[in-house]
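Pasting the structures here.
Shared between the two complexes below is chain A, which has chain B as its partner in the first and chain C in the second.
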Partner chain A sequence: MSPLVQGIVTIALGVGGSIAYFYLSNLFLDKVLFPARGENISRNINRANTIRPWLFLGPTALLLAIYLFYPVVGSFVRSLYNRDGDLFIGFDNYTTFFASDGFQTAFMNNALWALVVPALSTFLGLVIAQLTDQLKWGNIAKSIIFMPMAISFVGASLIWKFVYANDPDIGLINAIRGSFGLESMDPLQVPFWNNLFLMVILIWVQTGFAMVILSAALRGIPDETIEAAIIDGANPFQVFFKIQIPQITTTIVVVWTTITILVLKVFDIVYAMTGGNFDTQILPSYMMQFMFRDDGRATAIAVVIMLIVSPVMIQNVRQARREMR
Partner chain B sequence: MKTAFKPSLLALAVGLSSSAMAADLMYPIGEGAFSWDAYNKFAAANDFTGETLTMTGATTGNDAQRYRNLYAYFTEATGAKVEYSGSESFEQDIVIASKAGGLPDVSAFPQPGLAKDLAKGGFIKELTAEQDARIRNDFAAGNSWADLGTFDNGKGGKSLFGIFFGTDVKSLVWYSPEQFEEGGYEIPHTQEELMALSKQIVADGGTPWCIGLGSGAATGWPATDWVEDMMLRTVSVEEYDQWVANDMKFNDPRVINAIEKYGEFVHAAGFADGGPEAAASVDFRDSPDGLFELPPKCYMHRQASFIPIFFPEGVEMGKDADFFYFPPFEANAELGRPVLGSGGLVSPFNDRPVTTAFINFLQTPIAHEIMMAQGQFLTPHKDANLDIYTSDTQRQLGEILTTATSFRFDGSDLMPGEIGTNAFWTGMVDYTTGTDAKTVADAIQKRWDSIK
Partner chain C sequence: MDNIAGKKSALTWATRLTVFALVVIWLIPTTGLLVSSFRDRDQISATGWWLSPFSVEQGLRGRTTIEGVIKEGDTYISRGSLFDDEEILKSVGDTRPPISAFGTTGRDPGKYPSGELADIGKGNKLVVNADGTYEFFSSKAPGSTGQRVYVIASMPPDFSFENYITVLTADKMDVAFINTLTVTIPTTIIPILMAAFAAYALAWMDFKGRGLLLGAVVAALVVPLQLALVPALQLHNAVGIGQSFLGIWLAHSAFGQPLAVYLLRNYMIGLPKDIIESARVDGATDFQVFVRIVLPLSFPALASFAIFQFLWTWNDLLVAKVFLPSADEAKVMTVKIADDLLGSRGGDWGILATAAFVSIAVPLLVFFTLQRYLVRGLLSGSVK
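Presenting the complex of A and B:
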């Protein structure tokens, strides 16, 4: 069968199957299980209506359980086994990790990423959103700042690799150093600071996202409150910090947590720029070292990352729901 | 202006048609110094018309095209199509395929260490007794090559799990004969002379070495080759084997000594272009460029036989670039002249007749010759006609393989993946940028202990 025919058949089966499922299951519910007739007619209608949402939710809930819940549990179970997966070793993978230098470095670096990147992206995004809203050419500025969002992390890394190149003819940093008569150096090998140089890439990409969301939130603030503040004699700083910021706090938190989640997942930048060398390892790139070789340890790191992400994610979802209300 | 475009359009058209032709046979059957007898014999005995053989490997781009050119002969001989797909992340893909199902018929492993893991898991099909005997008989350096492909079969025994196809000689130093002549430098024949020469070049105001360890996520591997070459020149091959098997600890003083011998080149003031910092991050593919600049950024570059692929365009072998053997220590003369090399292992995942025939085909001298004729391919196959090599350089390298007495395989490729393609690499980057050898070696040994 050609792929085209296969595709069409799959779509037909999928769509047709879904329709058939909903039609037949409703039919079964209304005609056989709780028929809308006879002496219990009102009780039957109520019962049928209680069950009906589950008919619709059921398949999705099942799929979610299979594709989301099962792998998480499976990963956790796997992380309790040894390298080959044939020997139960309890929490040994975790204890070995917490004692190892590599893990500690990766953990600390990751913490640094999680602190610096969301903070700076959100801060810059907010400042830029506020400033560009008051400029004539603000939309052009916004477009330019938003543009890096369209670049993949690996693409962005390649661009910054040139900026950081250890060659004054190519690298911006070394060109500047050169103009002051300084020797060229490799920014990615400067201890500690190289981590920040890598973070700059993600900040560069994410500031546009923060700016767009926060700019929309700023515009959503009722003009009356701002006008009232101005009439009462508030200066622009007071308007910004005392009137506008409090009104968009929830959005700021959502942006912040969204970027935090992203930071805890990002690995491409480190992988493409330094490969984790020169003490720039973060947890996901550290996990990559074990993946496909030592599933026990790789999944142990995955579980650790998940545990760190979960609270942030829960907060993010809660906040987003509060927003919707 | 318009007319100026025409010739280039014509060139484009020619280029297109010739690349379309490349799918056909590169060398007409029966012509030239090829072993066509072997081909005809194979063609007569095998008919798999209408079948398809799937193959994966790490080779992509132009390199993969050269292999496809060879597989066209298999198709011509048997009627079976070969579908080769190369992937930059082959090492991961094949592990996933082995766990999720969907293994191809055949794969070319760039590192035997990975094949060893899969063989242990029972995924790779062992070679037939007949194929096994042929490899032992046809390949040079005794049973070396067969032994390198022999692993635990997961059933308590050991079996041969593949054929080495495409090898590289690693103990080479590349240089520019013109520059050497200009500086009045002689080819060194011992490590002591090499060291003296390096110092001489520094004294003359030049930079002796270009070293580049950069290779994306694989950064560091060129330094592992340095250490392996130094191991072979400071300890016996038996000790080298112990090291590779971790019967000799990685933090053994002999290993630390070998690491420091590499350090004498990369850390000495003025030895490496850009210093150790540049060495740690310059891409290994860009690193040799310094040999060909005027004035030269460096005079020597230690790298495997494949490196000319990455030389700048227009570099003429023999005139602009040549190589010499990375010499042994005079002080350790009893160790002889060891050669370090590497190679890709082609392994079958099933025993379909067409799969078996494909491995048989790769064992014929003609398969090796067609690759040799396209350049950038070396083989230890004794029946392959050395005249087929496209240059004297290639021929000399090929002879090193077919006449080698003590040949040792790239140690990092034989070590478990965690070490050979990870801890050793990153450790060498750390060492190059300033961590001391003992600390690095301790860390690698610790990692090795953790996977036992």
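Presenting the complex of A and C:
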């Protein structure tokens, strides 16, 4: 059976199965298990209503448990074992890593990514949001800058190969260098700077995201505050920095952290552009080197990534619970 | 006042120019890819895509004819047109590009300007004119093949769908395209339904542990996927799913749940309470309230999530690499491009560009037609 046919069958089974599950389980609950009639009618209704939320939540809770919560424990446990998973070695995978050059490079690069990409994306997004809001064709400009969001990281990497290629007839950068009489070079092999060139790709993708959200936040600022400032003689820069930005700091923080989290997970760009060579390795791509070869080490890196992300996670959960009340 | 007005217009112009410059910078890389995907592969390596509307100086090679050689004194003279040569004819087709230079070695194919009678050594002389006609004076009788001639011709721009045809037929990219669809469509549709029920429960049903569950969903939003890979794959192997489409459908459906539940719950809680309460008073069960009232009203949020999930699964490389078998038959486009094309055919820019464009065309289409919902989803997802 071809995968496509299989896919169509799956859609039918999945959608049909989901509907059938929800419908039949509710029916079973109301008609068979705790019927809303007879002598125990009120007790039955109450019982049915205690169970019903869990019928609704069932499939999601199951998937979350298997694919997101069990793995937190599973990965940690696996990381305490050796390559084949048959020998408990405690924290050896971690200590080996912390001492190895490859891991240290990946860690430092990752730190650099986590600083530079969110900062520049948010900054550019904010500036573009502010500038385009004043233009008639601002929406078209926004659309174009937002567009890379739809492109895969692999696609984006390929797109940027046409900028970075070490051939003045393919790569834009070397063509420009050539027109100044400079020799061709491979930007992705220049130590340290190659990391920044790779980051540019992610910034190119993420600026649109920052722009869309910050632009909405900027528009949400009450006009009176801005008008008052203008009447008081503030110039556009003062209005922007002293009136508008302070009012959207929360949104800026949200955007910043969202992009930071993303940066800590993206492996595609490094994988496709350099394969981690020339000292451009970051933790997610470093992990993929061990995936399928040494699950013990691969999971150890995953746990390290998890630890780096966890402060944000705790903060988010706190925030969400506060909003619930 | 004049002063202020003047300042303002200067600032407006600065704004316009800055935005325009940024838009151009943002567009340039993608334009390069798009233009290159339509160019002839030899032209791609001959000039940059930014020069693609202009003709390209391209090297061609052929041989002089050995038929109709005339002997005058000690020299054998052959005359003809290079455009009658089969090898050259193959690369130029119907065009007769002007020839700017010629040579007799591959190392220096444009050694002599066209029209110049060149001494090419061993007592041989050759002249190639701009229109392709040549005269070859040799001291020896012609052998089985003619003299090797290289020419620099300025070929007109050559745009075609040839790369697309190659990519879509020869490289198993068609299989990859279908595989991507096979992964994407079920994993866009199925998780929505589950998440919608869960979101309804979290928004409109009262039960113990609701806060805890909501916290868990928010936490799951941030859990790095990397953590799930090894344990989930082990689990798949243990229950016999292994690396398969079924496995990736399950995995993607699960990884999409946190965002789906979060988005839908935020939306559903904003629905008017009166409608839901009055339906309940009228005796509607939760199931009926959900199907008849909440689900239709939540359409914008459902659409937003569907777009997110579609883009994410279509563009995903990580999950596909881990949960699908690495055989050619099961590769999705991102894996195909990243592992096969970038690796083994790193130099074939035409194929690379085309493959990349094929893979981003569908998401771009979705993006431009449904941008409204995407933006709405983003805003409800990250800003409160």
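Going forward, the second predicted complex is superposed on the first by the 245 of 325 C-alpha atoms of A that agree within 3 Å, B and C clash if a C-alpha of one lies under 4 Å from a C-alpha of the other, contacts with A are read in each partner's own complex, and residues count from 1 in each chain.
Criterion: contacts are C-beta pairs under 8 Å (C-beta built on N, C-alpha and C of every residue); 3 or more make two chains touch, one makes a residue touch a chain.
Being a predicted model, the structure only gives us computed values, none of them experimental.
Undergrad: Applying the document's definition of touching, compare chain B and chain C: which contacts more of chain A?
TA: Of chain B and chain C, the partner in contact with more residues of chain A is C.
Undergrad: Where does A:M291 make contact in the superposed view: on chain B (first), on chain C (second), on both, or on neither?
TA: In the superposition, A:M291 contacts both chain B and chain C.
Undergrad: Quick one: is A:R83 in contact with chain B, with chain C, with both, or with neither? Answer first, second, both or neither.
TA: first
Undergrad: After superposition on the shared chain, which partner residues are touched by A:A119: those of chain B (first), chain C (second), both, or neither?
TA: neither
Undergrad: Quick one: is A:D186 in contact with chain B, with chain C, with both, or with neither? Answer first, second, both or neither.
TA: First partner only.
Undergrad: Quick one: is A:M108 in contact with chain B, with chain C, with both, or with neither? Answer first, second, both or neither.
TA: neither
Undergrad: Which partner does A:Y271 reach: the first (chain B), the second (chain C), both, or neither?
TA: both
Undergrad: Which partner does A:K161 contact after superposing on A: first (chain B), second (chain C), both, neither?
TA: Only chain C is touched by A:K161; chain B is not.
Undergrad: Touching A:A217, do we find chain B (first), chain C (second), both, or neither?
TA: second
Undergrad: Which residues form the common part of the chain A surface touched by chain B and by chain C?
TA: 271-272, 288, 291
Undergrad: Going by the contact rule set out above, which residues of chain A touch chain C in the complex?
TA: The touching residues are 2-4, 6-7, 10-11, 14-15, 18-19, 22-23, 26, 30, 49-50, 52-54, 56-57, 59-61, 63-64, 66-72, 74-75, 78, 124, 128, 131-132, 134-135, 138, 141, 143-155, 157-163, 165, 167-170, 172, 175, 204, 209, 212-213, 216-217, 236, 251, 254-255, 258, 261, 264-265, 267-268, 271-272, 284, 287-288, 291, 295, 298-299, 301-303, 305-306, 309, 312-313, 316-317, 320-321, 323-324.
Undergrad: Could you list, by residue number, the parts of chain C that touch chain A in their complex?
TA: 11-12, 15-16, 18-20, 22-23, 26-30, 32-33, 36, 44-50, 178-179, 181-183, 185-186, 189-190, 193-195, 197-198, 200-202, 205, 207, 210-211, 213-232, 234-235, 245-246, 249-251, 253-255, 257-258, 261, 285-287, 290, 311, 314-318, 321-322, 330, 334, 337-338, 342, 349, 352-353, 355-356, 359-360, 363-364, 366-368, 371, 374-375, 378-379, 382-384
Undergrad: In the complex of these two chains, what residues of chain B are touching chain A?
TA: Going by the criterion above, the answer is residues 91-92, 95-96, 216-220, 274, 277-278, 280-282, 416-418, 422, 426, 429-430, 433, 443, 450-451.
Undergrad: Which stretch or stretches of chain A touch chain B in the complex?
TA: 83, 96, 101, 166, 185-186, 188-189, 271-272, 274-278, 288-294
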